[in-house]
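Paired with chain B in one complex and with chain C in the other, chain A is shared by the two complexes that follow.
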Partner chain A sequence: MERKIGVYICECGPNIAEKVDIDKVIDAVSSIDGVAVAEKFKLLCSSDGKKFLTDQIKKQGLTHLVISACSPKDHEKTFMEVCENAGINPYLFQLANIREQCAWVTEDKAEATKKAIRLTKAAIKRVRYHTSLEKKEIEGIPDVLVIGGGIAGIEASLQLVSSDRKIYLVEKTSSLGGLITNFEKIYPGMGSGSSIIKQKIQDVNKKENIKVFLNSEVEEVIGFFGNFEVKIKKITEEGEIAEFNVGAVVLATGSTLFDPKKTPQYGYGKFDDVLTSLEFEKMNLSGEISLKTGKPPKSAAIVHCVGRNEKGYCSEICCMYSLKFVRYLKDKLPNIKVSNFYSDLCIPGKSHQKFYEQTKGNNVNFVRSSEIEITKKGEKLDINYKDETGGKNNIPVDMVILAPAIEPTSDAPKLAEITSISQGNGGFFAEEHEKINPVSTSTEGVYIVGSDQGPKDIPATMIQAEAATGKILSSLIPGRKIEPEVKTSQISESLCIGCKLCLSVCSYGAITFDETKKISVVNEVICRGCGNCVAACPSGAASIKHFNFNQLYQEIMEAVQ
Partner chain B sequence: MLIIGAGIAGIEASLMLSKADRKVHLVEKTSYTGGTTIKFEEVFSNMECSTCMVAPIQQELLQDKNINLLTLAEVEEVKGSSGKFTVKIRKKARYVDMENCIGCDACFEPCPVSLKNEFEEGLSERKAIYVPCAGALPNVPMIDADNCLRFNGKDKNCKACQEACMFEAVDFKQKDEQLDLKVGSIVAATGFDIFDPKRTPQYGYEKIDDVYTALEFERLYASNGPTEGNIVLKNGNVPKSAAIIHCVGRDEKGYCSSVCCLYSLKFNHYLKSKIPEIKISEIYTDLTIPGKSHQKFYEEMKGKEVDMIRASEIEVAKRGEEIAVKYNSGNGKKSDLLVDMVILAPAIEPNDDASKLAKILGIPLDKYGFFQEENSGGSSVITSKPGVFIAGCVQGPKNIQDSVLQASAAVGKILSSS
Partner chain C sequence: MSKLKDNLKSKGAVISAKTGTKESIIDFLKKAMDKGVFDAVLIPMRVPAGDSFAYVLIKDKSLLKDSFPLPPVMSVQGAKAVSSLTRLGKGNMKIATVMRPCETRATIELTKLGQTNLENITLISMDCPGVLPISDFLDDPNKGMKLFNDAAKKWDDEIMRPVCQICDKSSMVAGDIHIGTLGAKKDTFFIISNSQKGNDALEKLDIKLKENIDSWQAKIKDISEEKQKKRKKAHNDLKSEIGGLDNLLDTFSRCINCHNCMKVCPICYCRLCYFDSDKVKHPSEDYLQRAESKGSIRFLPDTLLFQTGRMMHMSHSCVSCGACEDACPVSIPVAQIFSMIADETQGLFDYVSGRDIEEPLPLVAYKEEELHEMEDAND
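Right, the complex of A and B next:
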């Protein structure tokens, strides 16, 4: 088919017209083979400009469009829409930036004009090598797999479920609820943790469209946003496997505590009555706080930051739950003396300082300290520490509660691998973007909520569950099709040497290896066109549509000629 | 849907709702989007360029056909209940046509009026027709009618800006408008303000030169700011030493503002990257750096040879050419240090108009003046009024990540219930 390229130069009012001799640009490109028309216009992005372009495309019967104007960031989308409405494929268009990259930065008008000619010619050259790209649409399955039956997973399930959306809730233990079932109270409101979760579990059980799998683990998640094939396996009964398809996956697998045995100075596992925070929560929930001997403690120490140095991060919630423990102790044993050994009091946010101030009081001690060592001294446990002035000190107590760091569960690496996401700082699941996309991951359609993403308290966990719900409900709508990326990578069957380098650099799990043909294959539905595989490929087999080697080479050659 | 506030939280909520094919009215008090986030050059802890992080979503917002962005607009009245609110909006005239203007800035120069630029914390000047900073989106100026000679009556014939405009975009005939909207849900995401350090005179703010607030310092470092990112003292010299004072106003407010330790650490990077030999002291009480990424960041910053001083009873005074920072150190000893520059990290507090908006929305404030969450079932984005949600610092001090999370969570609540 004969190419009829239309070239239009935008004056952008005085912005380009004053710095670039546009008539000279038109002269320089008019006679290029294939250029059917070259004209200027005052402001192409205005409604008059768009109408002018539409009329031109139709009247001149153009097959390709080149516009020399502003940055693609400003108006590439505008002009692609013009193409679409006028009946030519929007990818048969190229925008040359002669404003930001030329008129605005080149003082000398003759030089600016020369540069504008080069940029326009390069765009004309490039557009010849463009091919039409078509939008694809795939059916999206609205159902969701939620991994982890703690408060985060339950909350997400309850918010996601509807008459046209099924939820598969997979929990590896024998019951729903997670860690919160151990908490008598939740700071700062001091509502009952166990009763909140009981209510929510009842709600889950009432929902026909939430299918709960207890004692089960996810074995395999293959596919892409809109259609993941999932295999789950019962842990107890060998071989029992369930298979189903979902559109999205929510990871809500929680966290665990740092093992204080790794820091022997705290005496955990060596001395009686040295407890972890979770052990103390359980003891408190049982209704009685007592020593191994059965007697109530007369004094207790709460040691913050256990394992912080080893892990390299602050676990965010330990100061606050330690304050809550002071209240547990004081509620049950009003005369008990409690000493908090801390380094920095981390109580961010509007409600926490008040909680701290209300917790301070009779026989409650806050000791800023370091180099803590716990020894046995007669019947008592002795807390040896260095105080703020650097002096050595000690306080004997009956009971010690350790606040160990929060760390990812032992199956986090396996789950990360199954869902093709990465683990970031501290081994927690990594967000797509720390700031502006904190529940999404590098695998589209896989979301992370709760403390598997990082240490956090119940309110923060709930917010993440709700946030992931928002992401899913706004993008995976029953009956609506999903449009995957158009500018994807492709791997040439004849050029691929089967070295698998591309598999190792693909962040999205979009490339698989065809063992019979011994070549890499791109799944275009998953690929986001990042270009990693293209850069890594040693044989030139991988390329990105619309940014392939020849398109770029021709454009650059023309520009530097 | 009605979203109030086009900062990072409001933008996130708007884009997500639009994606779900909801029609969104996004009401913003100022002439630009991006809120406080676009005042930052870089964000902790990965030191990403903040405007680069936000600009793509601001662009997306402007091009989104489901989103009706109403700038220079405020909510005046809300009636009705969840699913059927009627809302009155007052939208001030911009006097510049959003369609015709291409943002070429030609209109600024001829304007005869010069005054302090609020966006730059008063550190630079602007005209009566202006954009708050280079790169503001939408990149369309506004006329400040209170100070424009034509509108305040000082020179009714002035049309310098209109004559300079090549696109007939300056339109003196625009009028303030009253809009009536019908919406199903409302998300309030109006952000925060900082505590005014003048209320704690011991820090010398506005009494002593070169005592800055954190936001002023952000603009001093910003490449699109008043000094194009050059950190200089009032006398034009480069500071040789600086003290960063945490927790300004914490005692007065009664809470920890959660982000100050981290952005103060970020300021180390700002200072050291521009002035490698500068001596920096961080004066703090308790280091609050929660979460998986922040201690690593702290250690990196500490590696820049900063003096971390735990102190109380801080007092800032002029001493000769320098500024003396007096304090009680941890062991009760009185000490002081001499610096060229002081940066204060003031508490985060609710906006001036938070209480007015709360009244209009019919939701309560907490004891600190932030919007009170209902906290039923543990969620912090629900209010006592069904259909009205809150997101970002309007609910309490928080960082960008947590603001975005609340915005997404509010959308989750809206979409799962309707």
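Right, the complex of A and C next:
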């Protein structure tokens, strides 16, 4: 087939035009074999620009399109749509970035022009080796698996459920609710935590389309966005298994506390009346705050930041709930003396500062301290510490409440493996991008919400649950087909030697091993085209569509010659 | 291969070798076959013409007497033999392989790369005095045999291949069972186990691992320390000789593009080498274009690219066995160069090829903190 390549240079207003002599670029590429037309335009991404391109493709009978303009991140999609609408395959197009990679970074106009010529020529060379790629469509299942029956999982389930969308809510314990069921009150409004969650559990139970699995664990999640096969198992002797298919997965497995026994200086497990924050919440919920002897404490210490150095991060919520504990103590024992030992107070947000100011005073003091060691001195627990000036001090108290760091639950590694996502700092599930994709993960269709992704309070957890449900609701619409990635990897059967290096570097679980043929096989629906397998494969058996060896080689050789 | 704790490896057995070390090792293998511990043995044997050695899978134990546990040359890298035997499956026979430490280590690397199946294999290695350059041996095999035997007895490496002279892992225990001849009293050798599989095999042979092996350990420590010094010096000398693109081009300029080094390399396991594939063959206008931009272009093209590409592909697993250098018809010191690059590549990842079957390949082991030294180099 005769190639008729159209080359269009975008002025991008003054962005490119001022730094690159566009007419020179046009001169340099017009006579290249196969180039039917080379022209410039003021702003190709504008509606005028798109109309101009569409008319050109039709009028000139173009078979391939090269545009020298901005970064593909900005407008590759825009121009691919133009191609599609004008009747040429969108993959018979190449965008050369002469703005970010040239005009904006090259001071000298002559140099910038030379570089723009090279980049444009390289794109023209590359596009000759492009082949048409066709879109695929698969049936998407709208149903969702939610793992974890705490506030995050419950909220996600309630937001997602509808008459044409089933939710499978899997909880490993014998009841829904999670940690919040232990909280008599929640800061800063000091409303009742347990009544909020009770209402939500009732809502869940009323929904026919939310199927709750208690005492159950997820065993297997295989597949891809739109169609995951799920296996769950009852944590009983019989271990019955249920199987179903979903389109997306929400991980809402929450967090647990750092074990203070790992920091023996706090005396946890060694002395009576040294409690963790969760033990204290439970004691408070029971209605009575008392010592092991049954007597009420006359003084208490709250020790912040337990395990912060060991874990290497601030757990965000401990300062605030410690202030809440002061309120608990003062509510039930108005004359109690409370000392807070902290290293840095973390009380951000619009209402927390006020909450702090209303809490301090009246026999409540805050001691900035370090090197805390708790010993037993007679009947009392003695808090030995170094104060801000470096001087050694001690305060004897009746009760100690520790605020240990928040860490992921012990089954986080297993769940990360099952759902093919990664664990980041501190072992928390890793988001796809901390700023721009905070609830997505490296596996499309698997979302993370709540404190399994990092320490967070209830409002932040609710925000994430709603964010993830928004993502799912907008992408998994009942009856609508989904389009998997087109630029996928493929592995040559005749070249693969079966070393499985590709399997170990695939982040998406898209490669399986054919034990009979002893070769690796790519599932093109799961593959996201990241190229890890191509880089790892020593014999070039793995290649990626639209970024194959020859396309890259031709482009590079043209650019560097 | 489930590993043993270090304290279990500090003991061994002392085996009597009154009839000669080679004969006693063969006797040990024969007994193991008698008792059904192994159904077959993969071991070197002298070829009928007498001028070389080959790996042979012996099923008839009476043939063991002609085997050669420690031949004077490395005609085939043993790992290639193990891979060709087990790549498509473990088979239903228990097989012992008798190889040098570098061959055993290459086998372990290939196992990590899915190219062998060790389930039914027991890897036996032994202290290695080095091997002769294959061309020296072929000049006069009988003389070569005698020279090798004399040198091996005195543990004198002067006539061995240059890469053997700087080998600091000639007694590395990486397989299941190791035969130690160094530091042993006259007419004895040590047997050391390195895995549960090794323990089980020796137990069935009533070989108790209760004896002190301090004298072996002391001796190999001395040798390996001395060789490490030699190795470092040799690599430094080599670096000044071949460092920089121009020197590197000069070193490889006599390469005739036969790719023998790749063909005999145990780690080069690809079905089709990338550099033999169509991917590096281009239309003539491409070459003309390259000639135009540089003034001229050498044919066959990409000679240095093949060497550096191969280096990049396999230096993290290279065991410095020297097979490549033996195979080079134009005497490029390939193995010495590759051993230097291998030390550096592996050093970056605290990795030693073939040291431990459970140690993951650097390429697939993700560490958040690594390669800072490379960042510094760029600053």
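The rule we apply is simple: the second predicted complex is superposed on the first by the 431 of 561 C-alpha atoms of A that agree within 3 Å, B and C clash if a C-alpha of one lies under 4 Å from a C-alpha of the other, contacts with A are read in each partner's own complex, and residues count from 1 in each chain.
Keep in mind that, in the parts below, a contact is a pair of C-beta atoms (placed from the backbone, for glycine too) under 8 Å apart; a residue touches a chain by one contact, two chains touch by 3 or more.
Predicted model, so just to flag it, every value in this text is computed and none were measured.
Peer 1: Who contacts more of chain A, chain B or chain C?
Peer 2: B
Peer 1: With the two structures laid over each other on chain A, which partner does A:Ile497 touch: chain B (first), chain C (second), both, or neither?
Peer 2: A:Ile497 sits against chain C, while chain B stays out of touch.
Peer 1: Does chain B (first) or chain C (second) touch A:Asp344, or do both, or does neither?
Peer 2: The answer is first: A:Asp344 touches chain B but not chain C.
Peer 1: Applying the document's definition of touch, where does A:Ile458 land relative to chain B and chain C: first, second, both, or neither?
Peer 2: The first partner, chain B, only.
Peer 1: Could you look at A:Thr516 and tell me whether it touches chain B, chain C, both or neither (first, second, both, neither)?
Peer 2: So A:Thr516 meets neither chain B nor chain C here.
Peer 1: For A:Ser174 in the superposed arrangement: first (chain B), second (chain C), both or neither?
Peer 2: A:Ser174: touches no partner chain.
Peer 1: Which chain A residues contact chain B in one complex and chain C in the other?
Peer 2: Correct list for chain A: none, the interfaces share no residue.
Peer 1: Write out the stretch or stretches of chain A touching chain C in their complex.
Peer 2: Residue list for chain A touching chain C: 494-501, 504-505, 518, 536, 538-541, 549-550, 553, 557, 561.
Peer 1: Could you pull out which chain C residues touch chain A in their complex?
Peer 2: 87-88, 113-115, 269-274, 277, 279, 282, 286, 289-290, 293, 313-314, 361, 363-364
Peer 1: For the complex, give me every residue of chain A touching chain B.
Peer 2: Touching chain B from chain A are residues 12-15, 43, 45-47, 73, 77, 151, 155, 159-160, 162, 186, 189, 196, 200, 308, 312-316, 344-354, 357, 368, 388-389, 424-426, 428, 433-439, 454-456, 458-460, 462-464, 466-471, 473-475, 477.
Peer 1: Along chain B, where are the residues that touch chain A in the complex?
Peer 2: Residues in contact with chain A: 8, 12, 16-17, 19-21, 43, 45-46, 48, 53-54, 57, 59, 63, 99-100, 102, 104, 106, 166-167, 250, 254-258, 286-296, 299, 310, 330-331, 366, 368, 370, 375, 377-381, 396-402, 404-406, 408-416.
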